[in-house]
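Labels run A, B, C, D, E and F following the written order; every chain starts at residue 1.
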Amino acid sequence: MKLVKAIIKPFKLEEVKEALSEIGIEGMTVTEVKGFGRQKGHTEIYRGSEYTVDFLPKVMVDIAIPDDVVAKTVEAISKAAKTGKIGDGKIFVLPVEDAIRIRTDEKGDGAI
Amino acid sequence: MKLVKAIIKPFKLEEVKEALSEIGIEGMTVTEVKGFGRQKGHTEIYRGSEYTVDFLPKVMVDIAIPDDVVAKTVEAISKAAKTGKIGDGKIFVLPVEDAIRIRTDEKGDGAI
Amino acid sequence: MKLVKAIIKPFKLEEVKEALSEIGIEGMTVTEVKGFGRQKGHTEIYRGSEYTVDFLPKVMVDIAIPDDVVAKTVEAISKAAKTGKIGDGKIFVLPVEDAIRIRTDEKGDGAI
Amino acid sequence: MSKKTSLFKLLALIAGLGLISGLLSTGLMAQEEVTEVVEAAVEAAPTPAEPDEDYLALVATYGATFDFFTISNLWTLIAAALVFLMHLGFATLESGLAQSKNTVNVLFKNVFIICMGLISYLLWGFNAMYPGDFNGFFAMGTPLTMADYGGTDFSYGGTGLCMTGWTDFIFQAMFAATAATIVSGAVAERVKLSSFMIFATLLVTFGYPVTGSWKWGGGWLDAMGFYDFAGSSLVHAFGGFAALACVILLGARKGKYLEGGKIKPILGHSMPLATIGVFLLFLGWFGFNGGSVLSAAPEAVSFVFVTTAIAAAAGGLAAIFVSWVVLKKPDLSMALNGILAGLVGITAGADSVTLYGSVFIGLIAGAIVVFSILFFDKIKIDDPVGAVSVHGICGIWGTVAVAIFQQEGGGFSFVTQLIGTLSIGAFAFIFSIIVFGIIKAVMGVRVSEEEEYEGLDIGEHGQEAYPDFQGATKG
Amino acid sequence: MSKKTSLFKLLALIAGLGLISGLLSTGLMAQEEVTEVVEAAVEAAPTPAEPDEDYLALVATYGATFDFFTISNLWTLIAAALVFLMHLGFATLESGLAQSKNTVNVLFKNVFIICMGLISYLLWGFNAMYPGDFNGFFAMGTPLTMADYGGTDFSYGGTGLCMTGWTDFIFQAMFAATAATIVSGAVAERVKLSSFMIFATLLVTFGYPVTGSWKWGGGWLDAMGFYDFAGSSLVHAFGGFAALACVILLGARKGKYLEGGKIKPILGHSMPLATIGVFLLFLGWFGFNGGSVLSAAPEAVSFVFVTTAIAAAAGGLAAIFVSWVVLKKPDLSMALNGILAGLVGITAGADSVTLYGSVFIGLIAGAIVVFSILFFDKIKIDDPVGAVSVHGICGIWGTVAVAIFQQEGGGFSFVTQLIGTLSIGAFAFIFSIIVFGIIKAVMGVRVSEEEEYEGLDIGEHGQEAYPDFQGATKG
Amino acid sequence: MSKKTSLFKLLALIAGLGLISGLLSTGLMAQEEVTEVVEAAVEAAPTPAEPDEDYLALVATYGATFDFFTISNLWTLIAAALVFLMHLGFATLESGLAQSKNTVNVLFKNVFIICMGLISYLLWGFNAMYPGDFNGFFAMGTPLTMADYGGTDFSYGGTGLCMTGWTDFIFQAMFAATAATIVSGAVAERVKLSSFMIFATLLVTFGYPVTGSWKWGGGWLDAMGFYDFAGSSLVHAFGGFAALACVILLGARKGKYLEGGKIKPILGHSMPLATIGVFLLFLGWFGFNGGSVLSAAPEAVSFVFVTTAIAAAAGGLAAIFVSWVVLKKPDLSMALNGILAGLVGITAGADSVTLYGSVFIGLIAGAIVVFSILFFDKIKIDDPVGAVSVHGICGIWGTVAVAIFQQEGGGFSFVTQLIGTLSIGAFAFIFSIIVFGIIKAVMGVRVSEEEEYEGLDIGEHGQEAYPDFQGATKG
């Protein structure tokens, strides 16, 4: 089992969700985050002092999936979230050792 | 060491916290998240247009623990967070390679 | 590749960010979280009832990095985030199996 | 040093700019034939205008008191607008002290109450509350008609009710809905919306005018010499004890009172909203009390402004210091409640207590409210906004305080005041126990446990108060 | 049981505290030579003061009507202040119904509009709208001067316009900016800031005074017998149809209308803000309508207060129940729109419809607005705050409703009313299509797709509405 | 095309609904014997009512000027209520511009200040500020008594102070607390609560009345011909320079000024709150300036409304465009400060500058404030809300602007104005340096570095402004 952690632009969330639905993924957990990366933030001015907003609003999507659908999942996310512009985000794949569905106490791939 | 990542219903947080305290776990990190899963959201109406709220408020609890208490921890969370209704959430167990307590620079199991 | 997950005091974020910049790390994702730990919260009073705020505001920084810079990164964070007082936070190191840059579809270390 | 030089430069800059703009404006002045404003009127003395016919007709109708009547009428209308604003005050205070998952529900109830209150008072309440001659205990209401209210003049009420019938109606109508609003806060976060809407309608339409008629309608309490200037009892204690009845029938919010007697506070979600609410209520109270003079009589209105403001301030200070001593921290929510407590306390005697009486009334109300909130929590009466303490308990206090702090020659009796306030509170309590009890039996008054946990916003309205999630997340 | 004992103890405590403070205050009273407030004035009867010279000079200037003139003038000023507050109402309503990423932008536009509106009305609009004799269709504006407005007295307008020229100006100036504010809400979340600022300036400066002069300036509609008391058409339908034109030229927000006819709602980010907005607008409307009496004539002003409040309440109730039936849920945002619909509806006839006419006008407006919002969404006119429905459609409704619900002897014609409101709407629509069309051609009216996605706050202002991120995150 | 047809259908629907309701209402009208509202009064002419005894007694006391006195008194009371609302304006503005972790603290301070201000002004301030004959520099205060203020009539102040003593007190009391509120914003986010509370109490009680007495109490500045209509200097510059002193003693917020001269902005957490604050302040200023006429004299009050609004609007526009040019972005927070700057600027001469003078005063104030904020940041005076610039610097500007833009015949001297404003600013500065300095030495004025980082809400109050965390997370 893997945890796919995708950091994407907020307004792409819906498309990513739909792309995942299409390949049959029906569970995910979403967090509002701020991202720092190459997409250097704008220089802004607040009451006269310049500052750089390095931390841009992003959305992080955590998806636990069986090993065999990782490639498909990553591709689906990547395609849906791409704008081609800097700051599109990253996908990380982390190993997961176990999963439990709280409601039923099911374990493993069946739980996700 | 493992990272237990539990996604639960928000109002269950307190009970989960207490259940963990009881088995001696005294550290955790909590994030507000939105969950998408089988618990298909309600169909709602805003100014006349129907839409489905798929993203429901959840709380994600991250707990780093030594390997030997994983089972106990998962059980404690599972029991405390269960309502038996759809949407109760998931627990994922991820491997952790190292942990550091910033204050003391302690490493490993002692740090958590 | 590793995911370094640092939970720190909110006002230390900037210093941590700068420390990371200095050692050449130019990407991270930040989440607002609430932490529960030894730094037992204050006892507070709301309209006359005492309660303990166990959940204190923290910031979680996720940084994906190549294996070889893990030590350096952990050290940089640890140094920047330390106040020496209880509640300084933790750093967890998790294994990452793959990383993808959405914009370019680059994979692996090059993607981060 | 360098700071001072720079400051000096800045001042020099201002002076410089001043000179430039002086030159500029002199040019402009020439163009526009500058004349002095006030003096011009006097010196250039246009022949005094002949009053036009409309005006003469008005004066012919109203007599020599027309101008005073006009001022008084206008003041009461402005006061009505201020009392209206109190409904926004309640809406923001109550939603600020509720959890965010119940915010839409709290706001909705307040929007409903003001709309319903105005209409029901039009169709029934006003005429039930001010019935003219009646048995002193209960009168039937009827819809207002234009005939009754279109031709009022000074003879309607002299300096004692110096306004048109329309003004009388709208001022009283704004008051009427307040009773239900008080209940709204106390039952927040678990009451079933439809049940509450029915109860609130019945309370405002049929309950409130009854006790209102006892005093302001010239009923038995009035005959007895009971005094309640602007409604410490008739509005606030009434609302507070209705709230108490409902809370008892409804039960506490899940998770508030734990086994072992532990109390778990459920925190309000926005202190700025709550603070906005209290400031708006404070402002509105100038209309609530000031308008209750029912004319613009200068000394009465201005004295009422002073006692009202002073009691509110004293209440705030008392609550701050009492909570600081008792609870060890300067508690904002207690300070806010203290201000309201002072305001409720002064309401019964704003025109007839002494100046320093208003200070003491406020101080004591501010202290009472802190202990009262603690007390009700201890006996497991779960009142999220403290409505029972602020309006009920301090309403009683304010009513009896009229006798304690009365001006020389006032002649108010402590016993009469006590009888009056307790009768009104008792009526509100019993009325509510019966009506809310019937609703409970018939259709239930509480949302399901699950809905309570998930929040009433989703449960009752399918709407979130703060749905934003950084971009488009709804499909 | 134990509850009751405790409650009893609390009441006893209050009584006890009362006694103590009674003693305290008696001591204090002795010290301060307590005298009664109101009676003192009468009994101790100071010799009536000789009016001072200033006052005699004023009366010499204004004649016997001076006091009435003063009251009326004061009321209109207070009304102007209330109308000013409506701009805060719009600012909060519109920002509450926008996404958080566009909040700064919405607020900024509202701040700009009121500032610009006042200045442009000073320099052009007022004199273009009230030109005195003119061709009935269009007049040139000129800057106000002190000479014209410094010496006004009762003869300026009798009881029909009972105020100084300054008051006349400031009251009308507060109205003027409203038209642009209405548009602001409709084009929110995608309009280019600079383009909007130019359009709003042109609309307020050159568009609004034209239709204004048709009726209130004594132009052709006035001559025809058209009636629009406070501006259902002249302000609201004008703004609503200008908004419609702009929305058509601008297009819908990205992602609102999906292929296959599906509509994806884009939710407002803060229901408390939106609710605050509507309550403030309701309050401000007492000035908007009440001030439009243009004097403090007691019956007229008080009747207008009643019809205004009643229509608003009826509108709110209608929208609540219609949306409950049609949409299955009691929708807060519809309730809020219903209140506004009722207010817009009553604006044209607040002084001249019957009492129950105001109930019906409100009820129908509240129903209309729900269907109208659904309707415009169906034809893909994307209006984030419902401005076209609330102001445009209900503005028309209110104008024709004057004829339907008029008081006996009113003599208003349905056809004239319809001609008037449609002419005004048409002018606003065409003016806006042309002006906004030219701006679109020359400099564009819409932000880039990317900016729209990222939000206009960052894009146009480099500023976030809620930048906080638990501590210092900016470097 | 289809859009148009649909629109047409909707209009047809409205017309249809109109007809139905017309029929309905005709039925209803019959039932309620519809009579016309206004005409009825005239035609059906009830015999003019005999004025009742109460009224005759009032007139006997006040003489022929009673009605004018009543109007004026009422206006000043309403103005006091508007000034009260400014305290909510400050509370929301300051908390909006603070970080969320310090929000409860900012709100608490504002709640405390208004409560304390009213009580301290009652017990000391009023009589110290308006002592009657005194040495011109300093007078002792005493508590108000009922005797002194219960019997006032027109002779109290003629048209120049046309109100009861109560009104005089409450209007001035609302002003008094403002000075401390200004300081509150400047020292936000690091000042120790208890120290601030002590300082604010001393400033309002003992500092403010001194300079107040110099001019409004008839002291040396008044004798010199210095003019400050409503307090550009006496209130705003006073508060601004007290703030400057405190900020200097207090030091900047941690992390604001980095080594190498870099300035790190610390962003306010809620732009909607800040915007609400400025609109409320703008509204309140109609009472602040308009009420300072001290009667309802029509021309004076209406002219003051106009200059106040125009200067505010000009200030907003100037700040928008200056910040757009200088900072490259249209900055909402600067626009808000610009409005306030214009308001502070016009305060000294609202009744006595020319019409276009008010435009220039506003424009220049709006420009000054932008540069002043930049300037103070450059010299490391850390003032989170810009209080020193808005109130201090623009207060000076407004005071000298009276001389620059005065109406013909005004006779104000630039030098006298400059002396006056600088004396007042200097007194405020020195008083604050000494008092705040002593408090600093004795008990400290700053929270610990740790508390500053964690936020004063937890540190001082153990309370969060937005404690919600999706459900119950507190145990």
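For the reader, a short list of remarks on this structure follows.
In the analysis below, contacts are C-beta pairs under 8 Å (C-beta built on N, C-alpha and C of every residue); 3 or more make two chains touch, one makes a residue touch a chain.
All values reported here derive from a predicted model rather than from experimental measurement.
Of the two chain pairs considered here, D-F and B-D, the higher C-beta contact count falls to D-F.
Note on B-E: across the candidates B-D, C-F or C-D, the interface recurring with over half of the contact pairs conserved by residue number is C-D. Note: centroid distance chain C to chain F, computed from Cα atoms, is 45 Å. Rounded to whole angstrom units, the spacing between the C-alpha centres of chain D and chain E is 23. The distance from the centre of chain C to the centre of chain E, each centre being the mean of the chain's C-alpha atoms, comes to 49 Å.
Each of residues 9, 11, 14, 17, 30-32, 34, 44-46, 51, 54-55, 57, 85, 94-95 in chain A touches at least two other chains.
In chain E, the positions touching at least two other chains are 32, 34-37, 41, 58, 67, 71, 74, 78, 101, 145-146, 150, 255, 264-265, 267, 270, 276, 297, 299, 303, 329, 331, 333, 354-355, 453, 462-463, 469-475.
Put simply, chain A touches chain C in their complex at residues 2, 5-8, 31-38, 54-55, 58, 60, 74, 77-78, 81-95. Per the touch definition, chain F reaches chain C in the complex via residues 101, 255, 450, 453-454, 458, 462-463, 469, 473-475.
Residues 2-3, 6-7, 10-11, 13-15, 17-19, 21-22, 24-25, 28-29, 32, 34-39, 41, 57-58, 60-65, 67-68, 71, 74-75, 78, 82, 99-101, 143, 145-147, 150-151, 153-155, 158-160, 255, 264-272, 275-276, 278-280, 282-283, 286, 290, 296-299, 301-303, 305-306, 309-310, 312-314, 316-317, 320, 329-333, 335-336, 339, 354-355, 359, 453 of chain F are the ones that touch chain E when the two sit in their complex. Put simply, chain D touches chain E in their complex at residues 32-37, 40-42, 44-46, 48-52, 54-55, 58, 66-67, 69-71, 73-74, 77-78, 80-81, 84-85, 87-88, 91-92, 95, 103-104, 107-108, 110-112, 114-119, 122, 144-146, 150, 152, 163-164, 166-167, 169-170, 173, 193, 248, 270, 273, 276, 297, 299-300, 303, 351, 354-357, 360, 364, 367-368, 371-372, 375, 378-379, 381, 393, 396-397, 400-401, 404-405, 407-409, 414, 418, 460-468, 470-472, 474-475. Contact residues of chain A toward chain B in the complex are 3, 17, 26-31, 62, 64, 94-103, 105, 111-112.
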